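You will see two complexes here that share chain A, one where it goes with chain B and one where it goes with chain C.
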Partner chain A sequence: MDESRRNFVKLMGLLFGGLALGGCRRTELAPGNVATAENADVALWKAEVREAMGRSLPAEDFVPVAVPGARAKFPGEKNRFGMAIDLDLCNHCGECILACMLENNIPRVSADGASKGRYMHWIEMRGGIPVMCSQCGDAPCERVCPTGAAVASPDGPSAMVYSRCIGSRFCAANCPSRTRKFNYEDSRALGLAAKFNPEVPLRERGVMEKCSLCVQRLQNDRLRVRMTGGDWRGKTVQSACSAACPAHAIVFGNWLDPESPLSLAVRGRGVYALKSVAKWDPSVVYLMGKV
Partner chain B sequence: MFRALFAIGLLLCIPAACVLDTALSAGPASWAVDQSTFWGTPVSNFVFWIGLAHAGTFFSAILCALSVRWGRRIAFPAEISTVAAIPVAAIFPLVHLGIPLRFYFLFPLGVVRNLYVNAESPLVWDFVAIGAYFALSVIFLALHALSVKRPEFGAYRKPFAWILFPLVLWVHTLVSLDFAVTCQSAWHGAYLPVYFIIGALYSGVALVLILCEVEHRRIRHLEELLLTGSWIILPFWIWEFLCKGVWNPGVLLFGFLFPQFLWIKSVRNTRLARVALAFSAVLAMWMERLHFVMPRPLDWTSVDYGWLVLGAGVFLSLYFGLRLWFQKQNVPVCTPAFSAVDRPAHALPRRSVLFAWCAGFAVTLAWVLWFKWRVPAMPWVRFIPIAFPAIAFVAGLVLSARAFSGLVSRKVLFAVCALLGIVAGVLCAAVYRGGDTLYVEPRAEIASEAVPAEPRDAALLWRTRCAACHGEDGNRNYKFVREFFPLPTEFSAERLDSLGTDSLAKVILDGRNYMSPQRGRISETEAHNLAVYMRFLAGGAK
Partner chain C sequence: MKGFAVIGGIACFVVALIVADFLFTPAEEYSPVNRDIPFSHALHGANIGLDCTHCHSGARSGSSAFFPSKADCMDCHRLPLTEKPGIAKLDSALRKAGGEPWRIESAFPSDVVFHHGIHVHAGISCESCHGSPEEIDRGRHAPVRMEDCLACHRGERGFPKAGTDCARCHR
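Let's turn to the complex of A and B:
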């Protein structure tokens, strides 16, 4: 009798514990309908860009660097894409941020996320200067990624394979320029994401992302040129930020092509990089003054 | 006393479960992290708890290996505390992941199931080392418990201790490398591994002291060790202050100044004071880990505080649950200083110990060679961090297999081995199958490209659009595909014949499994031509 009572109490305890656990479960948010380019309210994105620019982040330090060239990692590679941001022309308007968001389907963040500074913008205004991933040739983030989700691509971009990412955030902890963005929120379920560009997937919660150098544009151009059988050097490609810049301060191009607009733009200019990433051979550089 | 603490632990597990659930359902957003501080309180709690676990190994394995007698008196509680603290520590990195269900991506299987594991990442080293450490700690505890009734198991303790001794130092070194290899100047320093190990042992000594007091035992050596520890850790804090300007008055107060009260005899002789001072050391190390991981503190949420409850609840219930269970099994948890248990009649032959180490070395070497063959880009030197835990793990398994083979009859042994094999097989199959690797996403029509009305050359299309995965000759592009995506199915004329051109064209246009849809990029006629071209390739491949 005593034994059975004891067992009964045990069983009830277990049941109670199980029910308590079950009761703690949160109900899943219903996935919201993802807006597309036709029905998304771009004003919301514009407002968020303004809001983020109002934070007045501290300026970065710049140091002079050599013009980026071929990488030892990929011998014989003909392309290395990158960008140069002309700080003499940049008028700090922030159009590049918005263009980048619309091109790459970057979600907005909730009010809570905004208050905690969890904006997803791949480009940030730091001291009025647009700062994005520098696409280091020898990237520290790629070394520590346990799953190879952050991986060097032969064309120049330090690539990000979303489906390999487990969200350990080691890459971000190891990024000297702090330009990697983590998807803290399930933006699709919260209705904060829109698929402006059908060619770019929406990222799920728990995945790291960053500037991809508009890899979808590069890829489309590569396929187009390949169909005609030519030698692809990506001459006509422009990143979204570069195309949107009203002052033409952002130049996109191929460092290994002497005729690319990028190689022409840096000629005779002072080439600088973020001090934090200067020693990792960045592909995205800044131009200031003449030499 | 034990029952009360066990009950408290279980009660704490209820809020702990709520915390865990909040953290898992809301993701990393639920604790204090942002877009410039990516590692938050789970990481610091992980470092703290794995540090606590080390002291258990210190008192059982290291003191046993070095034949320090007084260590035997507390070896058993210390071993239980290790086995209880490692699971607590293991919770945190799993919760920390953005997508916890993908943790199996970290298995260092080279490129099995076409998953690429970057064995250069300290995270992978951690995963392997802590897994091996936990498994061996459990076996070590089991051997100890069994040796009470079967003295022949006592012979295995010392060889086993010699496996755990370097492993425990190795594990915490790897934990420190998580930080030391990064580009963050706040985490730099060659002293980091030593600093971490000293910190771990210091907090662990304090924990074991508390656990001994719970057993109503006073061991003066522990008090001396605690005092010594406070003086050893002090130079590191001074060094951190001088080099990096790290200034944590709270840590100095709780971690250094308060333990100095142990010098005073009347305080030292008060049980409650001893416990309180040890607890202050534990608290100081916890604070120190917090500051270390997050030099720039953020506003804490309830989840950040909840980790405390989670750690305490799980540890208390595991520790005292095991403690009570051993008591029920009539295992004397506090063995006297000189018991027959620790002095086995005859030591294990040196040959079998050597064999275990050699087996570990051989298996690890085979694995390293295999990995290097699959991933030639991996530098040799980066294998070292995982190689030692792997050697220790295999050596420990071999030793324990020898130990347990004497325990049971051959039939039972066979059954156990078969069962283990089945479990291992199922696990391997699960890892091999993996989760869903593609995004569940409504495949939007991509109409951005102008598809010419005139069908283009199928061979050119194939080379442009398909060859990236399927290979120029249809024979799969291993270089690209094996790093992540499952391999496309192999071409064979029979298979293609059985599918029919129309259904192949449909797959090309609409996609299937990992095949991405091409509608909008190529026209229907072109898809049809491609299907015909595939047949040509399959015929040609024969």
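Let's turn to the complex of A and C:
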């Protein structure tokens, strides 16, 4: 009895010693299978966009809202970025979805994920209308995040700090517009991820993500302007979807800048928002008709 | 007892495999320290009138600070610069060195954006984060952690306050 316990302890000691050494290994045991912009096959991403659009999701309800303005919780803030999607111009082509995927390194999903509708696309066509996170000024998702990974930023986007996210999915459960996407799959290991844009990190399995309002473009432009000592209003920034839209239906801009293309685009137009998030002061609105 | 000998043998073999893997895997090691070239920051600093950006170009205005190539070293080191006996050893080390004797991978997580230039622009010296040249040579300077970033951005380190909202630095 005594002898066998001694042997057992020895064996366990060796085992844990070995595991500890393995843990000290410098290189990853399973290197990620990540394509880059040079060798990724964009046709696969295009095919997935077509596939997702083929689901013909039901249309959302829209209600008229006021033009988004300054937010009480960020007094003195000079910028609030947002978008307006002109539904009179949108031709439902889906170019915005692809542009968004390539800009933000959005991974594809496996056949199993696709059958469950777990596409990672930050923009979805619902009844032919592109729907993404509305970047609510008073976002319900941010209130329930246990780690503060979903957090408001003063200049508009409702930000996601991926390294803080522990994957509770409370935010997705509390998002009225269902625009948050959860990484159910290890897309890197499955070879479904590609780093098209070196500026944007790839997300791990178990991390929530959503439209970031192309925060990397905002950050880069802010740094560029601040280096020259200017007052940053984000005049030259455009989101990837907005830049890619062949019908120029998506307008990106700064709600608090009266000269911004966004402020000009909503002038005299009917301003609507997704009914589900209309009362949370969304920064992304839809334009229909004239008033 | 025989069973234990077999299990013990297998365990030893597995451990040996792991040890071998650990010892012989050619790790992609990016280290700012080149063991062959006895570089001293203290000797290349203010005493010969060079500032950090002379070799670490980009630190003043760009996003990242780069490491010098061998050609940058050779700008000055083509000729023996001093009578010191160590200079022959240095010359031969430099001759043998590759085109990029120093390489480093950013220690920042991939979702963090850090712009060197904007910090220099705000009046923050290299030493504030990287330590003095002597500390860098000794490799003793504590790494900068997120709490250091935040303390400074909150205005607790003697520099002007800066933004502390998450999306300022995380993307």
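The rule is simple: the second predicted complex is superposed on the first by the 259 of 291 C-alpha atoms of A that agree within 3 Å, B and C clash if a C-alpha of one lies under 4 Å from a C-alpha of the other, contacts with A are read in each partner's own complex, and residues count from 1 in each chain.
Throughout what follows, contacts are C-beta pairs under 8 Å (C-beta built on N, C-alpha and C of every residue); 3 or more make two chains touch, one makes a residue touch a chain.
Note that the structure is a prediction, hence the values are computed from the model and not measured.
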{"item": "Partner chain in contact with A:P154 - chain B first, chain C second, else both or neither", "value": "second"}
{"item": "Partner chain(s) touched by A:P146 [first = chain B, second = chain C, both, neither]", "value": "first"}
{"item": "Which partner, chain B or chain C, touches more chain A residues", "value": "B"}
{"item": "Touching partner for A:N7 - first (chain B), second (chain C), both, neither", "value": "second"}
{"item": "Touched partner set for A:G18, first chain B, second chain C, both or neither", "value": "second"}
{"item": "Which of chain B and chain C A:A172 touches, first, second, both or neither", "value": "first"}
{"item": "First (chain B), second (chain C), both or neither touched by A:P246", "value": "neither"}
{"item": "Touched partner set for A:L202, first chain B, second chain C, both or neither", "value": "both"}
{"item": "Partner chain(s) touched by A:L223 [first = chain B, second = chain C, both, neither]", "value": "both"}
{"item": "Partner chain(s) touched by A:G117 [first = chain B, second = chain C, both, neither]", "value": "first"}
{"item": "Residues of chain A that lie at the interface with chain B and also at the interface with chain C", "value": "17, 21, 24-26, 148, 161-164, 199, 201-202, 223, 226-227, 229"}
{"item": "Complex contact set, residues of chain B against chain A", "value": "14, 17-18, 21-22, 25-29, 33-36, 38-39, 96-99, 102-103, 105-106, 115-118, 120-124, 127, 178, 181-184, 298-299, 437-439, 441-442, 444-449, 456, 460-461, 463-465, 483-484"}
{"item": "Of all residues in chain A, those that touch chain B in their complex", "value": "17, 20-21, 24-26, 28, 34, 36, 112-113, 116-119, 140, 143-148, 161-170, 172-176, 178, 180-186, 195, 198-199, 201-202, 204-208, 220, 223-224, 226-227, 229"}
{"item": "Residue numbers on chain C that touch chain A, as the complex places them", "value": "4, 7-8, 11-12, 14-15, 18-19, 21-22, 25, 27-29, 61, 63, 109-113, 115, 117-118, 121, 163, 165-168, 170-171"}
{"item": "Chain A residues touching chain C - in the complex, by the definition given at the top", "value": "4, 7, 10-11, 14-15, 17-19, 21-22, 24-27, 148, 151-155, 157, 159, 161-164, 199-202, 212, 215-216, 219, 223, 226-227, 229"}
